[in-house]
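What follows is a pair of complexes built around chain A, which joins chain B in one and chain C in the other.
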Partner chain A sequence: MSFDEIPQMLVTGLSLGLMYALIAIGLTLIFGVMRIVQYGHGEMYMLGAFFLYYWTAKWGLPYWLGVAASASVIFVLGAILQQTLFQAVHGRNILYSLAIGMGLIFIFSSGGQIIFGTTVKGIPKFATGGILVMGGFLSYERIVISIVSASLVVGLWLFLQKTRTGMAIRAVSEDPETSALQGIRTRQIHWVAFGLGSALAAIAGCLMGTLLSIVPTMGFVATIKAFMIVIMGGLGSIPGALVGGIILGMIDSVVTTVISADIAIIMSFVVIFLILVFRPSGLFGQQWT
Partner chain B sequence: MKVEQGTAAAQADGKGNAAPPSLNRYAWAALFAFTLAYPAAVSFDNYLLHVGITIAFNVALAASMWLIWSLGLVSFAHAGFMAIGAYTSALLLTKLGWPMWIGMPLGAILAGAAAVAISLPLMRTRAVYFFMASWSVGEVIKRTIAYFDGLTGGWNGVFDILPPTIDLGPIQINFADRIAYYYLAVVICAIIVLCIYRINDSRTGMIHWSISENELLAEHIGINVFKHKVIGFTIACVFAAVTGALYAHYQTFISPKSFDIWKSEFALVHIIVGGLTTVGGPVVGAISLTVIDETLRATGPFRVILFGVILIATVLLLPGGLETIPGRIRRALRGRKSS
Partner chain C sequence: MLLEIRNIRVHYDKIEAVKGVSLQLGKGEIVTLIGANGAGKTSILKAISGLVRPSAGEILYDGADITRRSPSDIVARGISHVPEGRRMFKLMSVQDNLRLGAYLIRDSKVIAEGLAWVYEHFPILKQKCNQLAGQLSGGQQQMVAIGRAMMARPRVILMDEPSLGLAPIIVDEIAAIITTLKQSGLSIVLVEQNAHLALKLADRGFVLETGSVTLSGKSADLLGNPEVIRAYLGA
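On to the complex of A and B.
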């Protein structure tokens, strides 16, 4: 390793971390509102990426419009899934929501292999070239994607802080009964938050699919990453998901460059285990029973 | 102590199975008799014997995971502990030439020690966090095994894990024979299920259910919740390791991929589809789903889709799983009589 690689390593880590954080924020939003574990969250990420692939590569439509379309389609899908499947297990043992999420993984990833095929595909790039910063090469694509994901995180933060729906989502995560007494339609908040969380995963899928490649089985890897982040940060905590995402992105980028990819994965699991030993509810989490 | 037993018993009864115990015992006896007669019934067909052995593995895994569930915990570290048992036994054979009869107990002991060491910090976490932490434990075990490729062969795995033999002069059994291995697997699986049944039927089992019902309350009536959680978890992990060793010597080849998170996931699917309140649940679930799995093997990805549909349908339409069907039928009949 030379010093030339440091800026590149940091930017890669940051952009990876922000995209991981987008997936994890979706997951944590859903948990916060409904207290369920959406084990199939990564499948939303996979479906979002494949929607964009068909949109740009097959139908030749503009890229950024495709990202928005993908997010809206997955928002609707998430809301439908919540209404038909997850509402029924709301308030029951986590085992049941886990089971439904697992069922969704089986259906979507195998169905994806049948419909999309098992070959590796790539979403067409929206920009080429890059700049040299302190001897390291940064592609424009990666820079734009980092800026977009960062502004999405900020936008979501503002949405949750300033708007009525955002405040309602926070109120329901805080205390469902009291917010229902205050006249918040908690059931409506459930599907809104579920759709929003799924849409965030879909956007992350689009961006990640542009940087890397897409396969129908990529959803499970995203689920693993999102879960790791959420454990680190604490369930239901959005700052936790952001910090956890960036920690994981940095481990992935720095340790993979300096040592090896195997060690990076083992190390991230060990970091999670240690965090849980000393803070059993994650860095920013609360104890859920 | 009497109070404790009373409440725990009441809770256990509330969860208790619908069938009277005598009927239950006949069902178990019939099942065991059928498994013993199975090789003759399928006229020693090699493929069907293979299905039988796979069922035995799946039953043992699902039942031992169910023991952890009776403490109110969902553990995904199960495949990892299975890997510890499998690798210990396999490496002792291939590197030192020690037979499975030594390797399997040593693997079980090693897995037990690892389970105690890991569960001491792990049991500090609860509910969702426990599930995720146990998941990372399983992944770390798998990837650590893959990383030390000088010893374990890395992702390529270990080859030529010969099945054991018994040589007692006049009696010589070579377990490379499928019929012999079938009986070995069935007997060990039956012992595991019996142990779990006895544990669940005892005072310890009642304590487990009381912890799963309300941990705080259990602690307040004098149950050492932490100790029971660690011991219960360790026993289940030892059973998983025994199954793992048995699996390794049957497949004669193992790699870290054999102990993927899927192994734990499918064991959980078996429990959910079978039922959650008695050990009969995981047994029925593992048997029926493995049979479905093997009959649909030719259909490829559609088989996995069907698994997903079955799982979601069970949760939404038949909460409680297959084990509640006798009770439902009985209630339906009784309802018709009275009306």
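On to the complex of A and C.
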């Protein structure tokens, strides 16, 4: 490794981390309102990416409009899954939702292999070229994607802090019964948050799929990573998911550049385990009842 | 009668917590439900606010049957519930807690008036409006809980154990507020284990034992009733 690689390594780590954070924030949002871990969450990420692939590569439609369309379609899919499958087992033992999530993994990844095919695909680039920073090359694409992901995180934060629906999501996450006493229709908040969380995963899929490549089986790894980030950051905590995502992204980028990708994966989990040993409820964790 | 409960029953699985209770609340009146833990007081309040569905009986409010309405609809009609244990949104600021009380109110002027009312009656909350509600003392949390209920502009307030776990001096403050609410025309159903306090505040009282009303009447009469004195006032 040379010093030239440092800026590139950091920007790669940051962009990767922000996209991990988007997936993880979606997962933690869903956990917050419904108290379930949506193991099929990574499938929303995969489907979001494939939607954009068809939109741009097959139909030749504009890139950013495709990202928005993908987010909207997956929002609706998430809301439907919540209303049909997850609402039915809401409040029951988490093993029920675990079983549903596992089922979704197999249905969507196998179905994806049949429909989309098994070959690796790439979403067409929306920008070419880049700039040299301290001798390292940064593509415009990666810079734009980092800015877009960061804006989304900030936008979501403002939405949750300032808007009526955002406050209702936070309220239901803390105490559903007391939320109902304020007039909040908690069932409505369930599907809204589920849809929103799924849409965030879809956007991450679009952006990640643009930088890397896509396959129908990529959802499961995304779920595992998002789950580990959420545990590391603290279940239900959005700042935790953001910080956790960036930590994981940085480890991925730095260790892959300096040593190798395999070591990076091992290192990520070692770091997560260390955090859990010293802070069992995660970096920003709280006690859940 | 503003609120009338006719013979309601509440079941939790096979256990019957409320076994056919009837009570009435007039406009501007305070009625209290007193009784030991597990007598069914909280279940009755939860049935009124729609958190639990009665298995039998009717709840009439302002002439309409609200027995199987959603909590959201019941709040919209003018019944607010101050739950047992204050139930703060602990990770949210005092002001956000209060704003959530006005969740169904879209008019920002009305919300601002509500906040002004709360801060006028509980000046300490104005000082602490940006603090997390979970960091407040028990008494201050109770003030937030009452203020939050008032933000919805209710005509009826259901209060579940507002004095529980509070220092005597704070209990006096809460009692004064309940009196103020009554004077402003609100009707209140007050659930209390502190029977002495409850009967001093209320116009009428209902004594509950294991899900049924065993005694009811004017507060003054209940305060003088030998059975009540023996069982609840600790003479």
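Throughout what follows, the second predicted complex is superposed on the first by the 288 of 289 C-alpha atoms of A that agree within 3 Å, B and C clash if a C-alpha of one lies under 4 Å from a C-alpha of the other, contacts with A are read in each partner's own complex, and residues count from 1 in each chain.
One rule holds for everything that comes next: a residue touches a chain if its C-beta (ideal position, glycine included) is under 8 Å from a C-beta of that chain, and two chains touch if they have at least 3 such contacts.
Predicted, not measured: the structure shown is a model, and the values here were computed from it.
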Superposition on chain A - do chain B and chain C clash or fit: fit
First, second, both or neither for A:272, with chain B first and chain C second: first
Touching partner for A:102 - first (chain B), second (chain C), both, neither: first
Touched partner set for A:177, first chain B, second chain C, both or neither: second
First (chain B), second (chain C), both or neither touched by A:111: first
First (chain B), second (chain C), both or neither touched by A:262: first
Which of chain B and chain C A:281 touches, first, second, both or neither: first
Chain A as apex of chain B and chain C, Cα-centre angle in degrees (nearest 10): 90
Per-pair minimum CA distance [chain C against chain B, superposed on A] in Å: 15
Residues on chain A lying within both footprints (that of chain B and that of chain C): none
Of chain B, residues touching chain A in the complex: 69, 74, 121-122, 124-129, 131-133, 135-137, 139-140, 143-144, 146-147, 265, 268-269, 272, 276, 301-302, 304-305, 307-312, 314-316, 319
Complex contact set, residues of chain C against chain A: 49-51, 70-72, 75-76, 80-81, 83, 87, 89-92, 96, 99-101, 103-104, 148, 152
Chain B-facing residues of chain A, complex: 31, 37, 85, 88-89, 94-96, 98-100, 102-107, 109-111, 113-114, 224, 227-228, 230-231, 235, 262-263, 265-266, 269-270, 272-273, 276-277, 280-282, 285, 287-289
Of all residues in chain A, those that touch chain C in their complex: 164, 167-168, 170-171, 174-175, 177-185, 286
